[in-house]
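Right after this note come the structures.
In the two assemblies presented below, chain A is common to both, partnered first by chain B and then by chain C.
This part shows the complex of A and B:
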């Protein structure tokens, strides 16, 4: 019986682990061996994680989607910049 | 690597290993796209590329024109052994050959890591880094395919039995091997390597409840100078494209 494994790769340095794909293997040991050639044969990563898909905790999409419409939680820096400008202007007006 | 003056006996030894690597890599590569499952397809074909790379590294010690040398020699100028010439259209046979070959190859490369020819020693050490993956792949998959009581285990045990006599030809020595051992070009004779290979198989057979035939013997050096019938087919496939225009530059 094969199981499905999710494969993650990381380049040396500060980059994070990123999902590379998935594969089928008979067991964890074979999964690591086969992942090396399936996903790192061109040197795509320096570190390799292989995770049994059944060990991944999957959130209910309805639970996740409740946070879809939250524009006020997106920060492009403009609000902070505006606040700094107001403080600076106030200091220049009343030194 | 660049061409070096090896002397005739060492050149024969390098050529024998190179031709074995070339043909095993070529056989493995025929599984591209048709391995039993995708993950194995990728692994097996990576191994094929590595073996061809090792052949190129060895050929480069012998010639300045690897493509022509690798493909366009007359059959009698090849030094491959019978086992790597054999056509094996079935996956069980192809995989068992991979497993037996890797075990033999490890011993053959190891015997070169301390070679008095520095270029050969460097190549052996570089090859061994890749071979470590090949062995891990072969041994792990072999372990899964020999679970006692399974149909796969019976097929594999039968294939191993069918193969061992022919596989012993991997240890066919070249002429003047004794000189090479005395000079330290190669650390040990092919016969000594065959002993180790067979002992390893014996340990595996006991652990897996497989009965092996009596210890096979390797052919004498003359066998390196003659080709089997299957070679004609393999060589024909390998040269199908270059034969269209042997002067073409790629």
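This part shows the complex of A and C:
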């Protein structure tokens, strides 16, 4: 039976795998062949992943968002920048 | 529990929702990109789906037109070019049908059935007959350039993410086609007197359909403009096309088949008023070659049914 597959491409030594698109194919062998012919005609990637759409797990957006509100995982460096400014201002006033 | 992408695509929208059309349009105006699983307004879903289906149909019909010329293309290099271009166009159709199908309105086979039964539309330029090799070059260069310009304008500011991403690939590949196209035009233009005349005759047949491809002037309440699918008005794109191709074709020694063509020092090249009844009839699949084109496409799909069946049987 025809199944839908998702296609991912990656250039050697560069970046991550990226989603390129989808295709319909009758079996895995055809899926890989069609992926090459539909998505890699002009060197768009060196590595090719083809994944059956029913095997891709999708997390619920609300589940993904759970970590958004975690300011302690970041540091914008503003405290240090503030001190640098203080030191510079002091040096300018008393050279 | 995570769902699978297949379940999600088949299921109801699960992504972002908007309270009303105003909120949705504010999101689009702020540069927001809509994804396949978002709970987009139904009017947007339908309008964008129809637009992508029209584009997909046009790529398929264009690819089939191109295919007819593979055996007739003079020389091995041109045959290879036409093979590659045909594969590109059919490939574009495939990408677009996948994106359209994921909008949940129709499956890919349903869209093909509708096209082959004449129930849906495709670009006006694929409703005419290509008589000579020069016609095919006029299509490959002038007509493709018009289609390319309108696709590029959609790509620029497209609010539907999956469509924008496949347009990136399509626009890049159409760029290769343009270069092949102008080279083929140059060879006829600089070839024998017969070749030059042959292209002039093709230009006489194809200039108007190419200019009409952009459609009549956009209305001020065109939803495709408001929803950031089209980024420029039809008349703006048409005018830019005329500014580029009138001098280019004249530079190759050809005459634009428009007696009313004139050059205004401020506005640039201006063409005669267009009678849009021809385009309207053509887009209802009532063009000069519509019936044969649709029958050929349907026949080609039917002729290859055994391949699909064999693949299914072997799987």
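Note that in this section the second predicted complex is superposed on the first by the 63 of 95 C-alpha atoms of A that agree within 3 Å, B and C clash if a C-alpha of one lies under 4 Å from a C-alpha of the other, contacts with A are read in each partner's own complex, and residues count from 1 in each chain.
In this section, a contact is a pair of C-beta atoms (placed from the backbone, for glycine too) under 8 Å apart; a residue touches a chain by one contact, two chains touch by 3 or more.
This structure is a prediction, so every number in the text was calculated from the model and none was measured.
J.: Considering only the touch criterion stated at the top, classify A:1 as touching first (chain B), second (chain C), both, or neither.
T.: A:1 sits against chain C, while chain B stays out of touch.
J.: Let me test your reading of the model: by the given contact rule, A:24 touches which partner, first (chain B), second (chain C), both or neither?
T.: both
J.: Between chain B (first) and chain C (second), which, if any, makes contact with A:12: first, second, both or neither?
T.: Once the two structures are laid over each other on A, A:12 reaches no partner at all.
J.: Identify the partner contact of A:33: answer first if only chain B is touched, second if only chain C is, both if each is, neither if none is.
T.: first
J.: Quick one: classify A:41 as touching chain B (first), chain C (second), both or neither.
T.: both
J.: Specify the partner with more touching residues on chain A, choosing between chain B and chain C.
T.: The larger set of chain A residues in touch belongs to C.
J.: Just to be sure I follow: which residues of chain A are touched by chain B in one complex and then by chain C in the other one?
T.: Touching chain B in the first complex and chain C in the second, residues 23-24, 26-27, 30, 37-38, 41 of chain A appear in both lists.
J.: Under the definition above, what is the set of chain B residues touching chain A in their complex?
T.: Against chain A, chain B makes touches at 37-40, 42-43, 46, 133, 136-137, 140-141, 144.
J.: Give the list of chain A residues in touch with chain B in this complex.
T.: The touching residues are 23-27, 29-30, 33-34, 36-38, 41.
J.: Can you name the residues of chain C that touch chain A in the complex?
T.: 2-9, 14-16, 84, 87-88, 91, 94-95, 98-99, 102, 108, 165-166, 169, 173, 176, 308, 311-312, 314-315
J.: Once bound in the complex, which stretches of chain A touch chain C?
T.: 1-2, 4, 6, 20-24, 26-27, 30, 37-39, 41-42, 44, 52-61, 63
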